[in-house]
Amino acid sequence: MYSNCERAKTLVEALPYIQRFHGKVVAIKYGGNAMISPELFDAVMEDIILLHLVGIHVVLVHGGGPEINEMLKKVGKEARFVNGLRYTDKETMDIVQGVLCGKVNKDLVSTLIRKGARAIGLCGMDGSLIEAVRMTKDGVDYGLVGEIVKVNPGVVEKAIEDGMIPVVATVARGVDEDTAYNINADTAASRLAVALGAEKLVILTDTRGVLRDPKDEDTLIKAIRKDEIPALMEEGVISGGMIPKVACCADAIEGGVARTHILDGRVPHSILIEMFTDEGAGTMIY
Amino acid sequence: MYSNCERAKTLVEALPYIQRFHGKVVAIKYGGNAMISPELFDAVMEDIILLHLVGIHVVLVHGGGPEINEMLKKVGKEARFVNGLRYTDKETMDIVQGVLCGKVNKDLVSTLIRKGARAIGLCGMDGSLIEAVRMTKDGVDYGLVGEIVKVNPGVVEKAIEDGMIPVVATVARGVDEDTAYNINADTAASRLAVALGAEKLVILTDTRGVLRDPKDEDTLIKAIRKDEIPALMEEGVISGGMIPKVACCADAIEGGVARTHILDGRVPHSILIEMFTDEGAGTMIY
Amino acid sequence: MYSNCERAKTLVEALPYIQRFHGKVVAIKYGGNAMISPELFDAVMEDIILLHLVGIHVVLVHGGGPEINEMLKKVGKEARFVNGLRYTDKETMDIVQGVLCGKVNKDLVSTLIRKGARAIGLCGMDGSLIEAVRMTKDGVDYGLVGEIVKVNPGVVEKAIEDGMIPVVATVARGVDEDTAYNINADTAASRLAVALGAEKLVILTDTRGVLRDPKDEDTLIKAIRKDEIPALMEEGVISGGMIPKVACCADAIEGGVARTHILDGRVPHSILIEMFTDEGAGTMIY
Amino acid sequence: MYSNCERAKTLVEALPYIQRFHGKVVAIKYGGNAMISPELFDAVMEDIILLHLVGIHVVLVHGGGPEINEMLKKVGKEARFVNGLRYTDKETMDIVQGVLCGKVNKDLVSTLIRKGARAIGLCGMDGSLIEAVRMTKDGVDYGLVGEIVKVNPGVVEKAIEDGMIPVVATVARGVDEDTAYNINADTAASRLAVALGAEKLVILTDTRGVLRDPKDEDTLIKAIRKDEIPALMEEGVISGGMIPKVACCADAIEGGVARTHILDGRVPHSILIEMFTDEGAGTMIY
Amino acid sequence: MYSNCERAKTLVEALPYIQRFHGKVVAIKYGGNAMISPELFDAVMEDIILLHLVGIHVVLVHGGGPEINEMLKKVGKEARFVNGLRYTDKETMDIVQGVLCGKVNKDLVSTLIRKGARAIGLCGMDGSLIEAVRMTKDGVDYGLVGEIVKVNPGVVEKAIEDGMIPVVATVARGVDEDTAYNINADTAASRLAVALGAEKLVILTDTRGVLRDPKDEDTLIKAIRKDEIPALMEEGVISGGMIPKVACCADAIEGGVARTHILDGRVPHSILIEMFTDEGAGTMIY
Amino acid sequence: MYSNCERAKTLVEALPYIQRFHGKVVAIKYGGNAMISPELFDAVMEDIILLHLVGIHVVLVHGGGPEINEMLKKVGKEARFVNGLRYTDKETMDIVQGVLCGKVNKDLVSTLIRKGARAIGLCGMDGSLIEAVRMTKDGVDYGLVGEIVKVNPGVVEKAIEDGMIPVVATVARGVDEDTAYNINADTAASRLAVALGAEKLVILTDTRGVLRDPKDEDTLIKAIRKDEIPALMEEGVISGGMIPKVACCADAIEGGVARTHILDGRVPHSILIEMFTDEGAGTMIY
């Protein structure tokens, strides 16, 4: 137990970190375990509200895989994946849209409000925030999986201006067809971060970060310069599911974001630890 | 076929009607057949965009009964009604929320954008727009059906100010419990109209309006003064499903809305006919 | 007679045209028969108010030849023309100024207000809107006929910003002498259109437009590209009074105006027909 | 001749007077000799520009009797007066409107601009600034002489806000008939002063002010309290043409204007003398 | 030593407290030991910057007794007190003004800036912030000690609006004489808090707060309702130097400030402990 | 004695001069005799308020040598000069800061307010207005004499925007050490003029200006072009204390200030004479 005096001191120690990010935009991609476990969920919500209150403009970008799978199971539809991407037929897309934009998104908004913040739930269709076309990669058909072609950050910027936390579901408006598209949440967060001129992109994952030896969590690489990425890929250190995440970070940096982070969402308050202490957390790509 | 000269004349004849509503808020409750038939759907969208372009601030409030029923059927859940209200257990509420806020709402936004307008999809949780508590009527349990206790129109007003058409799904944020509530769309439209200081409330239905003889559509009552309502109820002229609709209109008038209309959504462009011609359409309650 | 349903449909058909010009500036040069015939006058006023109401920023630029001639006759002064331009001595200039800036201009304002719009009457002297010097062409003396040297569109922009229709009388402020100058209304409209970054310049005339055979109205040339003008002049297709009008259009395009139109002011609602239907009217120069 | 040091001192002595009126509205009714004599004209223009520059919001209201008479003579029309008011038939009204709104008004604007100020010319029709109905006094017909029923000061306030000197011609928009009305300039100035919340109303005349003995200019009454007016009228001290002027002043005070002045327009710079020295000029009614 | 995870948790625990004061004004009277000891000084500065960063509008009001005494000693002038108030002759006043407004005030500004905040130093003369007259109490002469007659909070409000921390030296502008007045800093803080509509007034002292037994710091009274003050005075619990401090608090509450606090400035971070923990510190008067 | 009519004429003659500087920034360095003699002091204050009232944005920059010397004498400290610069040890710096920022600065503010203006007192520390480092010239130690490295004119610009006269004491915030620095007032005025985009820099001195024969005041050089300075220095015409003053003027011109003036502060109202008459005063460097 800490005395209140010690608590005050801890608050004061956060000062330089708060000052560094005051008035800046920080995009947080939220998903995985941190979204399922009730304690981790509460911790992430608290972190976000704290950042918001100390004058940092948080934009929360979320997916919702488990809820989608659950709903698909309910309607007796098997999730089908092609090259690691969810094949999205029309019926699946309707369920994805309902679950992401209607259920997960608005529940996040409701929780943030209940905890004292002001929030608004948006998706890529609102104000034409994210425009996409049908993804075509190597001639494979992924159904209604979209590729982002344009980000119009107006609605998110207005929400920030009005003192709200924008919560963004990663469903895009089709510009080639009259449909919604399922888009990758990491990519959406990265593109949004660039469009908003964000200072930082944080991707919450279910691993400690980039590990030199994927079986040993003690081999965490704390920081990777953008130009070191190709070599690390060749060596196989960046591999599997980590490849697209690192690519999103690299794209964000290319687009002007100062620092990007792949954080361990299984550690409570990892966002605050990363941003407000000297310890850092996970892997920083810059 | 009209000549272009005749077309121009028709436009000009709409002038005094446009002038009357310029800069005013008009709340439109949208549902029923007008939402299902593709032609009627297109006509309503076009009416709304035209109103928006000539400087009238439309707020579109929608339900989505058929889509909800379809989804419930898919997950093998029977719709259950108590005293004419959908009994809403937790599982049903999740589906209602997904379908209304995620699917129907965002599809409306997407259509308005595709047709050239700027739009944003909101529900009662965004910015705490509609706050509700569990409905308790005569000791009957309706599950997660909510009763509106407060409307915070800020997010809708901001959207109007930013030149957008706000589209509102009628799901409310619970203030007594940590849940979303299913709320009646007519009531929500009426309460929102009052909170926004709307000039007009339009409720699209599947009937011609209030009929003196419910079996004869030629007995339409074109206008009802608020103080005539009790007598018409006693006589049984206002009966069945028309009772709550008329009550919503009466509440809106009580709250300062100048005119309310129960329109026939089965007639294409009934909103424009009501607002921009001398004919009127359906029943006006004022 | 059209049913109201047909009327509504006609309104809806205007949607894409309205959307194209929403928020843009359209400069209309008004004169000739359309100003004298009461029905044509009413039709032009209605067209302008409709454009204004649907969010198009109309600037009305007018001359007033017939009224000036009438007044000159009253004071027993013969109108005198040199090379097709009214020779303007001091006494004539006083009358021109009174009739244009005081009578015709303010009557237009009054009519627009009576028909429900907000309007303000300005001339080239107000806020130094149009600055001119004495015209010197080929050593001929035209008296107080001015040549525009600068347009300061501030007062007109403010009027637009305040939601008013600016009505501009084409009398300029002399910067070389302490006098007002009589300036050509087509030129003034063209220069003003450029200064305001207008999307469109419309010149109402008493002919169908540019005719391939001046005696046959059925030989109307519907569209002329700017680079086709020299050839058409050489061929004599563009000749006489049409030459300066076409030159004004060409100057406007040169200055960034997207499209210019020489319209038949004798056709009621020709502005609306041109702008809100697929027919077009008169000759477009682009 | 003064030394520059003495000049500087004189400027400094004006300080407390400038401070008193800084940011306040002062309405000046301008007419009579001060408008005809070139030197007096220049002096009034300079006074107004100086007031404007030191942060006082001048509104210049003018008539133009001599110019109207001259024009009527030119067209061979006799000026006709009924009970001291110009009988205004339609033809006369057209000339009044042209001369006042088009000639006198715009010439004043042009002069102010040439002397370095920013100015805009308005009449009662612009933005519906002054609304009038046909005057009916004792059943006598005065033709198109109007009685002010409403002042909408918006256009004048906007002009002030934009840093311009508004110059107002006293022709009103008819709200009972589709016509312009000739209105009394003193009355218009008084009503405008009230509508603008003016601090001061200045009426320039061709006399020294209210004289105890009308034949002896040395019997000037320097100040009259509003409640002394009835007695002075009874005594015959306030008589003839002075009665309506004093009434205008009394109405202005009734409407909240702090001080009103009947000044001698034949004295150069009488406005500055009144406002910026301890001497005062003419008769103050308060 | 705390882990970073524990630090993060501590930050999160401050959330509800931060939310309560976000966007509110808090006036802090700073003086005594907390101003002299370098560590306490640093702690107060950090507390203030933290409050500022989390969106609380801090106004820092300070005295500077020790520095004044030191300077008086340097110039060989004995401090003289009448009824517990510093007798302030002209020479003393000059030194008070120099030390408070020039030295102490600007040093505070400089420190806040060095620690990363934006700050501006003001005194009662700037923008006529605090107006005073010569104090007259029981016919005793206190020299240039002033009594506040008016607070014009404009300059402080502008500074807050511009995102700055206003630091206010308690020297007032004389409105009865052309002099500066020495005013009591507690009173100034209280008056300023009222004028700014502050949520809270904090007075830092050198005692634990109001003690039931002045010799026993363990007898601290944690909270006093305004209506309990008279009784506590009668009992002698509120006595000596505590009387005027309690009176300042009572005046602030009377003027609409929600809560006032007499805090122990000898405890580091007592402001944060009071505002951001459940412990509280010192005596709250409400 | 002048008649009021002559006074009015004098005011009017100032018109073109007022128009030239309306809305422009004029930086005035104030010091020397003009600050000590009560009449000269009053004259400068009046000049400044007049400039302020006619819409010129005056920034008053002041030193305070005599007051500093007096205070140093009081505390028994000898003023010590190195190469013509006051050697400033820590104790001296504290006194300089108190006298300049607390006494002289706030007294000027108080006087301007008493005379009817709105004013605010600032120093280089407020809002980090002037940032300096320790001066190092030829290896000589001058103590806490600073060299300006950056001007952040934000606080001064805000004060101007709020309609206040900013009064600036020339003490800077140290960016290399945690100290205040004593800086040269002429330099500070020059740098501030550049940072504010001033139209004019006025330096009040105790001489007539630059004299061709320093012993003969009749040999005043009225105007010096920037490129004539080197020759005049070589000739010895610009010499002694005039060298740094002329250098400040040259720097200001280099930085975009249109005209700079070295004025005789011993002549009452020399600022007004320079700015509002055709005579000019002192030496203009341009």
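Note that the chains take the letters A, B, C, D, E and F in the order they are written out, and that residue 1 is the start of every chain.
Here, contacts are C-beta pairs under 8 Å (C-beta built on N, C-alpha and C of every residue); 3 or more make two chains touch, one makes a residue touch a chain.
Quick caveat: nothing in here was measured; it's all calculated off a predicted structure.
> Taking touch as defined above, what minimum step count separates chain A and chain D?
Tracing touching chains, the least step count from chain A to chain D comes to 3.
> Could you work out which chain's C-alpha centre is the most distant one from the centre of chain A?
Chain D.
> Give the label of the chain whose average Cα location is farthest from that of chain B.
Farthest chain from chain B, going by C-alpha centroids: F.
> Calculate how many whole Å lie between the centre of chain A and the centre of chain C, each centre taken as the average of the chain's C-alpha atoms.
Distance between chain centres, rounded to whole Å: 56 Å.
> Between chain C and chain E, tell me the centre distance in angstrom, where each centre is the average of that chain's C-alpha atoms.
Here the centre of chain E sits 69 Å away from the centre of chain C.
> Touching at least two other chains at once: which residues of chain C meet that condition?
none
> With chains as vertices joined when they touch, what's the shape: line, ring, star, complete or other?
The chain contacts form a single closed ring, each chain touching exactly two others.
> Could you give the sequence of chains met when travelling the ring from chain D by way of chain F?
Putting chain D first and chain F second, the full ring order comes out as D, F, E, A, B, C.
> Would you mind writing out the residues of chain D in touch with chain C in their complex?
Per the stated touch rule, the residues are 71, 74-76, 94-95, 97-103, 105-107, 109-111, 113-114, 118-123, 125-128, 154-155, 158, 162, 164, 169, 171, 173, 178, 180.
> Okay, in this complex, where on chain E does chain A touch?
2, 4-16, 18-19, 22, 43, 46-47, 49-50, 53-55, 115-116, 267-269, 272-273, 276-277, 279
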